[in-house]
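Chain IDs A, B and C follow the sequence of writing; residue 1 opens each chain.
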Amino acid sequence: MGLKQISKNPRWIIYLLIFIALLFIPRMLSIHDLMLFEYGITFAIVGLGFNLLLGYTGLLSFGHGAYFAAGAYSVAMIAKYLPQAYSLEILIPASLFFSLILSIIFGFVCVRHTKIFFSILALSLSMLLFALLFKLYHITGGSDGLRVPLPTLFGMSFKGIRRPEFLSGTYYYFLLGVFSISFLVMRGIVSSPFGKALQAIRDNEVRAELIGIRVRRYRLYAFMISGMFVGLGGALWTFVNGHVTADLSHWVFSGEIVYMTLLGGFGIFEGPIIGAMIFTYLKLYAMGNTQYWMFVIGATLIVLVLILPNGVAGAVSSLWTKVKKKTN
Amino acid sequence: MWVIYTLNGLYFAALLFLISLGLNIILGVMGILNLAHGSLYAIGAFIAAWVIIAIGMKVPPFFLYVTLLSGLVLAGIVGFLMEKSLIRFMYKRTLEYQLLLTFGVLMLLEDVIKMIWGGQAYYASAPFDLLGKVDIGGHVYPTYFLFVMAIALIAGLFIWLFMSKTKLGIMLRAISLDREMATGLGLDINRLSTFAFVLGSGLAGLAGALVVPTTPALLGFGHEPLILGFIVVVVGGLGSLKGALVGSLLVGFTRSFGIAIFPEIELPLLFLIAGIILVVKPEGLFGR
Amino acid sequence: MLAIDNLKKHFGFVKAVDNINLDIEEGEIVSIIGTNGAGKTTLVNLISGYIKPDSGRILFFNKDITYASPYVRIKLGVGRSFQLIQLFGGITVLDNVRTALFSKYGMIRRGLLSADRYSSVTEEAIKILDNFNMADKRNLTPKGLSEGDLKILDIAIAFALKSKLLLLDEPTSGVATSDKFKVMDSIVSAIKKEGISTLIIEHDMDIVSGYSDRVVVMHEGRIMAQGKPDEIMENKEVKATVFGIVS
């Protein structure tokens, strides 16, 4: 899209304004809030990837924690076994690569099915990874997990810097850059001919096959791209969190990914990003205020399913349409 | 030792059968995968342990075994409330919402269990200890495990007779075959769905109650059984009772021999076998 | 272009299609009529590859497609519409057609540039919709369309795939009687413009006689009679078995 078209389309102006605002976030938030915000951004990338499968291809995976874990453990394992390669410009491609490999293997089995069978299969396979990460503790650290030190970036070393300083400086802008690129790439994917083919599969798989789309193969492509985005999110998350455990591949964590996507609204491109941000704050708020935080977010989810099925973004957009109709 | 491994395999299979039978009935009749099924299992375990501890040795031994039914009853009641208040609105909704609703219920119930029974472990080994051990081909084996197998067998036979011989069971099967047609035939789908959900939940609770004399009930007690139940359902085929039986035996034996031979990777091994079966036979062993 | 040779398909004792021989010429519009269970839909399913015959041959431009998959047939140019409409409900009318075009041109692997950037495809899609008088509805989703428009869109998709032979299974079923001719006018004018051969299954005799070059009458899996619409309407045997008129 050329500059001329960008200036004509209000959507892109809003994106640009938000991006500019995001540049100043580290100056506005305390380090604690900034860290939370960074958790949110990593989950926003996860949400973008997850929604390619759920919102655009019509497949509900209850096992995407596995690809998150694949990205996260790529980082942690390189830190442990290949410390000389421990720099962001290697770690990011490596985590993309390993989450891609895992999503090819698991995806190959899963895409032979749809609907509920797909969901259970994706869930079961992620638990396979969980079982491996959990049991092979002398390699993976088991339930204690692995520690993730600060990486280098293009030769820049962050030795002697504390994690909060790292997170509020270079890393924030790195994260913002990766997020922006992910956003643009995913935006391109969903509006491209390929993205339209996925939506055609979602809407009517029989007809999609009959207009010459190889349905299973395209589902696998979607699965792979989705797995890579989620893996990327997982890798970026580790530096914020500083620590990885096998629980990342547990299906309850996958459930949280589904939760945030629905919270934002999976029918809208930006929905999962909004959902990731809200969920991060909601969970932390609940955890900080009661020991029964699961009760709070569980009850919130039930209410959401019952009264706000299109998520926050969906509710806002339908409200917007109503307002527009009235003013016209 | 092989005798013991085989018996252990049967014991695991018996428990899994009860869990996956419940999952499968709900899935077959209502088309809903209940992610909170493991929590119902946990509720069964906690109430049974709590009752056994409360009444202690004050009652005749026979009565102690009757109290295990408390798991079935309480899980059934929770299932009833759950179906009436929430699940019932989900029949016409899409898969995402159905799954996420039960996921929400799962989180809710986990904390409700925590509120009621706190974070500590509940031991209730009296029913296990009382039965002692038997000698099988030169090996000592806990009689209680045989008791669990017998209960699962009775429950399985009961469900089978119920589904194939009674009018209610045949109506339930009609719904699982074709929900729309069953509505057309004038069946009271709402009542039948409630019934199926309560039955499935009760079976999960019963399984939990049967386990608690051998393993203390803890928070997160239902997580692993739920996953194993899923594997059974996937391997056996969605909504198939025969599949639940064969799947349970397969998973039970894999676990028992896996623990004996490859103790570290018995769980991954299980997934591997399930994965192979699915690659060869994508719809599961007895799937439609 | 299409030559069907001794085609046979039995379901148990039911002879759904029993030794059918049928040729269709380029640009010809052929209607199949017959009572329920005469084997019309089975024949269309055999030609489009949904089911495989027991014996016989189907030649499409002299190429044997008897056992080819539906996918291969579509690539060769055998398109069909459905009695129960099959559309992509969540994307716009334009995207329904555009996706078919992208698929036809082998462009659905292109995953980074917005579909709008491929302006020649977009223009072609709009042209196709325009042929069917649907261009002004291109930004609606199928949920907002009438039954007749849905039927037309269904056929426009088959059109976008550059089908050389179109199989239309009851194109006006479910369409309000007052709209039937409007729908058929749009479809047939577009078909005629491109010179596409067409096989139509239809019950409504007004439509059959109004739009077909030739009418084929099927009965119990066999072709009972064929010819120009007015000849068939006068055929006594056809009148008796198909329309139940005894004179």
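One rule holds in what follows: a residue touches a chain if its C-beta (ideal position, glycine included) is under 8 Å from a C-beta of that chain, and two chains touch if they have at least 3 such contacts.
Keep in mind that this is a model prediction, so the values were computed, not measured.
The set of chains touching chain A and also touching chain B is empty. Chain centre most remote from that of chain C: B (centre = mean of CA atoms).
Chain centres here are Cα means. That of chain A falls 33 Å from that of chain B.
Separating the CA-averaged centres of chain B and chain C is a span of 51 Å.
Chain centres here are Cα means. That of chain A falls 44 Å from that of chain C. Contacts with at least two other chains are made by no residue of chain C.
For chain B, no residue reaches two or more other chains under the stated contact definition.
Those residues of chain B lying in contact with chain A across their complex are 27, 31, 33, 35, 86, 89, 93, 95-97, 99-101, 103-112, 114-115, 223, 227, 230-231, 233-234, 238, 264-265, 267-268, 271-272, 274-275, 278-279, 282-283. Residues of chain A that touch chain C in their complex: 1, 185, 188-189, 191-197, 199-200, 202-204, 206-214, 218, 225. In the complex of the two chains, the chain A residues touching chain B come out as 54, 60, 62, 109, 112-113, 115-117, 119-121, 123-125, 127-128, 131-132, 134-136, 251-252, 255, 258-259, 262, 266, 291-295, 297-302, 304-306, 309. Those residues of chain C lying in contact with chain A across their complex are 70-71, 74-75, 80, 86-91, 95-96, 98-100, 102-104, 107-118, 157, 160-161.
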